[in-house]
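Each of the two complexes below includes subunit A, the first together with subunit B, the second together with subunit C.
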Partner chain A sequence: MATTSTGASRARADLGTARTRGERRRAPRRRVDRVSYLFLLPAVLLFTVFITLPALAGAVISLTNYVGFGDWRFVGLANYAVLFTDPNVLTSYGFTLGFSVVTVVLVNAVALVLALGLNARIKLKTALRGVFFLPMVVSGIVIAFVFNYLFSTSLPALATTLRLTGLQTSLLADPDLAWIAVVLVTAWQAVPSALIIYLAGLLAIPEDVYEAAALDGATAWRQFWAITLPLVAGYVVINTVLGFKNFLNAYDIIVGLTDGGPGTSTRSVAMTIFSGFTGGDYAYQMANAVVFFVLTVVISVLQLQIIRRRGVSL
Partner chain B sequence: MVTADPASVAAASRGARPRRPVTLSGRRRGRGWGLTLLLLLAGLTVLVPLYFAVVMAFKTSAQAVAGTGFSLPSPLNWSSFVDAWTLTGFARALVVSAVVSAVSVLGVLLLASWASYAIVHNWGHRLFRWSYFYLLAAMFIPFPVVALPQVKLTAALGLANPGGVALLHVMFQLSFSVLLYSAFLRSIPDELEEAARMDGASTWQLFWRIILPLLAPMNATVGIFAFLASWNDYMMPSLITADQTLQTIPVVQEIFQSAFSTNYNVAFASYLMAMAPTIVVYVFAQRWVLSGVTRGAIK
Partner chain C sequence: MTPLTHPSRRALLRSAGAGLTATALAACGDATTAGGRTAIRFFQNKPETVDYVARLVAQFNASQDRVTAVHDSSQTLLVPQFVRNQPPDLAAWNYTLEVSGYVSTGVLTDLADLPEASTVDPKYQALIDQFATFEGQTNVLPFSVAAAGVIYNRRLFEEHGVEVPRTWSALLQACETFRTAGVTPIYTTAQEVWTVQQGLFDYCTGSALDVAGFFRDLRALGTEAGPDAEVSFSAVFADPVAKMLQLAAYSNPDAASRAYADGNLAFGRGEAAMYLQGPWAFGEIAKTDPDLPLGSFPLPMTEDPAQAGVRVNLDLALWIPTASPHRGEARTMLQWLMRPDVIGRYNADNLAISPLRDAAPLTDPRLVDLQPALDAGRIYQGAQTYVPLTIPIGNYLQDALRTGDGAALLRRLDEDWARLAARSAA
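Right after this comes the complex of A and B.
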């Protein structure tokens, strides 16, 4: 979810104090009663059975030639070797990464501008906020079906009426342009969660900073670049990390919009992995999933490194 | 998408301080409407697709294929809803969706608050501290990565049904919810607990009588996120549930997509019925939902 990292950052900040507080208050250490174990057990058990075990099993399966049923044997890293030369897989990685980068940039830009606007002195503030958060509550695949019709039928019809050349064919039918539709609809739905974080960030900037700047004669334009932007930079990072994580897993909206087409031009990595259910590629796609996991982790770690180097405190 | 020139952005950031002294904001007076108008225009990007879904749903099939589709329906045609309702087996999907969402919301509320309480309460113990990070780490494991073995596993356990979907919805929502709950629980003063303990309350009683009532605002936030995630999900039910007659609303939309290929009005009636429950709840409980959601962001 969108709000996770803000929470994570606070939680991390809290952990330090919680630990010292706990040690101070609870020395000598209190005995753990049985109810505490009972409370913890279901959550930990659920995770172990349904995430940790499947993940480990999956990593092992990726080293076999299992097709989803019947016999199998170990084939070492053969699946991985094929993976890196498979045009289908490479195309899906290319699309997914490119799409994620563009969507992250678009979502952040739009959400930041909207947050500044919604935080300003405006009329109808509650109503406007209500409107901009609306996309968050609708189902991704269903709204993608609506947009599907808009892109494939309504917009070309509109363009024909207005005699706009170039827009008269469906965006979704063009292998080179269909990704733009995927970006737009994904951004449409993802903006609210980024917006929440930016609004929270803007509210946290103390009023007197602006007053001091204004007294020193700083223009509004300068105040934005010198105060607002540096102070919300940490939230840009949060939104980027979270956005990337979500967009890399793109599935629902693509199914409703292009179903990976035309051809395979908008097939995401998730869709490629799920093809392992039917195509007899079970172990092979499991190897793909492992690579995808490593890639997700590497991207997250890289982002965190950049944060640390830039000295942005989360 | 949204267009805003730099000046209006700056004005936005500048005008953002409601409690600023009047002397500093003199030049800005009367600007509120300009910016409001810009935002209203931007808001059309949200409202137009929804408007489109509504007008299409109320058209006759002849109107639905004519022109761009943006025109208002005349005459109003209600029969598409009846067709969509029977064609998609909407009543059954609605029941399945409602049960799956209800079970996952309840499951998340219980399991996450239990675990968070145990963790925060026993933070000094290594097992509980490690469990916290263990649960959080799962937040970074995307479903596609574990999907293949997970689907095999749910099938093997006899959970290739809405029950399994609800269980997985609970699990994938746990990390985030534990994060919210434990941040909140840390802000509750220990004295409260100590006092209750003096009176001889057990941990079990303490949780139900003291902690759970205190968690009420957080329950709302966690519940809203869990409900939206479960109700709107397409990926998991489509992969987990084997029996297509037991599918949730988003999956049913996809299954019947081909049947709609010529009847756009019926298709849009179906989409509208699928989106309506969350939108209606949101419109009526907007203030409540938004405060819950922002609390999630701020905590």
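Right after this comes the complex of A and C.
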């Protein structure tokens, strides 16, 4: 009797310890407030209704020959099959990707340099910051038309009086050089937004870091390379990812500046997709849009992988 | 002391919701206005004639008491209206490949039973069928035809003793004369592709071959179309395009960076002898020099003067969509518009041609030289108007003008057309 009771009590004791041990091991469960879901609901609903559903509808339409009205039928993957052999589509992808890479690099370099300048101890700092912010305020198509005039008429006229032979013909009329004009104008409009982010990043760097470096005898260039750059690396990443996405969608500036010309040398993917609305080619361009979407997702995922691998904290 | 009763938040939201619903319902209510008149939406937005048509609409409304036409002159696209199944009740619009798409998908009503349909000159009605037909119906009635030729500066021609060229060699000779005299023979504005599409390309191909017949045969080929087919751009258009490039060589040297506005300004200033534009440019040129004596002649492409043709387009054509809930009333307005006095006066006042049989000839001195070709039926719709917008023919033309390579232009057209045919047939 004594053995049983001891055995039972030991077993009970074991169970008791186990329970206490288990309870202590288990983390306190966080109670998710239902209200959080309610807060998310409007945004999720709007996103679904206005972005996800139309995108799905477009994807379904890409399998048909629907023009938006009238009779239509399913054509399966015929649109996609033709898409990958269409030289106009392939050149537009090539141009858009190349243009995006060049513009991203240019915008970030210029914006960083400007941010360094506008962060230093200079006179009229606030006024200058306002001036450099202006291009962002003007609409893209307005900028494009003004620069179109400058490149087509003003610059050649100036070059003729100054006798600079290279610039006497309009930059926009040369299919090998028109992309330069597009890059310059897009960069001009995109620099302010990158500039603001870089200014914010620079302001976040505490002054004493620089003081310590100066005490150690670091030159300005060494300070930039060893202190500033690593500390704004996160902001460079933000600007690159956002900028690349925006430049992939380049549309209004190109339309106003060259309209895809001369020839088809500056035709972007967005322009090609848009031409499907009035061109009666809706379903084909929806296929183009689906492919473009997949490409953008792949690029964004790659960019995020690179960020994670380098261990940059956003 | 009783507290002031102010509405609770819930009551306020409820009344706001009710108010919004009421406004929404009133806005999309039916079209019947007070007094038993049915309102119809009449869509016409050609900017140069909006005011004129607004006066016409007011006249129509005053002339009868069953229908009130509301003039919709907004610059909206038509495609979204059809997609939403809310197209206008009656439209007077430029007849292009886009509208022929509405014809071929069967979303326009048949107007063949109207007596006005038989008053239209068959050669203008044929322009509609050249783009598309639907089960033999008459879905579109022409209202205003614009005729375009080569605009020329009469003063410069007189000064240099050049006669209006009626053959290809005479045209080249005229260009040589002007060039040696230091006058730009032809002003080209290649930066805006539509100007070279409807000018150089359309004029040079229209006067040299049977454009309507070519596209009929090309469409009949279906998926067998391509650069090596018998009926292809590369085969049929080769000679006219080569001549076009020859002619284009007489343009102003900065053509690649000049736009439509630059062309109007330069021509108005008398810097060029010829300008490949239509009557829509007259008003623009007049802004620079209202007294400039202008004329138009059909572009000759062969040694036979009888082959020079006039480029026409259906500037305004009338149609009624099947989705309209007021077809009867729309027809009433269409019949009023097609009255000989209304249609005649519109075209006379707007430098256009009435499409009715035995219509009055052109009298404006700037266009009168085109009348012989019109009477003889030597008209064509521009070749580029048959090419779907998905093929960027204007951009290809820009390339061709720059490099002088016409064969590449035609091969690209053939390849794109073949791809389009492959897509549509699948």
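Keep in mind that, in the parts below, the second predicted complex is superposed on the first by the 266 of 314 C-alpha atoms of A that agree within 3 Å, B and C clash if a C-alpha of one lies under 4 Å from a C-alpha of the other, contacts with A are read in each partner's own complex, and residues count from 1 in each chain.
By our rule, a contact is a pair of C-beta atoms (placed from the backbone, for glycine too) under 8 Å apart; a residue touches a chain by one contact, two chains touch by 3 or more.
Because the structure is predicted, anything quoted here is derived from the model rather than measured.
Within the superposed three-chain model, A:Ile122 lies in touch with subunit B and out of touch with subunit C [touch as defined at top].
Judged by the touch definition given at the top, the superposed model places A:Ala200 against subunit B, while subunit C stays out of reach. In the superposition on chain A, A:Ile141 makes contact with subunit B only, not with subunit C. When the shared chain is aligned, subunit B and subunit C each come close enough to touch A:Gly276. In the superposition on chain A, A:Gly260 makes contact with subunit C only, while subunit B stays out of contact range. Contacts of A:Ser152 after superposition: subunit C is touched, whereas subunit B is not reached. Taking subunit A as the reference, the larger set of touched residues comes from B, when subunit B and subunit C are compared.
In the superposition on chain A, A:Ala289 makes contact with subunit B only, while subunit C stays out of contact range.
On subunit A, the patch touched by subunit B and the patch touched by subunit C overlap at residues 153, 276-277.
Contact residues of subunit C toward subunit A in the complex are 77, 79-80, 82-83, 85, 97-98, 101-102, 104-107, 190-191, 193, 254, 256-259, 388-390, 392, 395-396, 398-399, 402, 415-416, 419, 422-424, 426. Remark: subunit A residues 1-4, 6-8, 10-11, 14, 17-19, 21-23, 25-26, 29-30, 32-33, 35-40, 42-44, 46-47, 49-51, 53-55, 57-58, 61, 106, 110, 113-114, 116-124, 126, 128-143, 145-147, 149-150, 153-155, 157-158, 161, 184, 187-188, 196-197, 199-200, 202-203, 207, 210-211, 214, 219-221, 223-224, 228, 245, 248-249, 251-252, 255-256, 269-270, 273-274, 276-277, 282, 285-286, 289-290, 292-293, 296-297, 300 touch subunit B in the complex. Taken together, the subunit A residues at the contact with subunit C in this complex read 65, 67-71, 75-76, 78-79, 82, 85-88, 152-153, 156, 169-170, 172-173, 175, 259-264, 267, 275-281, 284.
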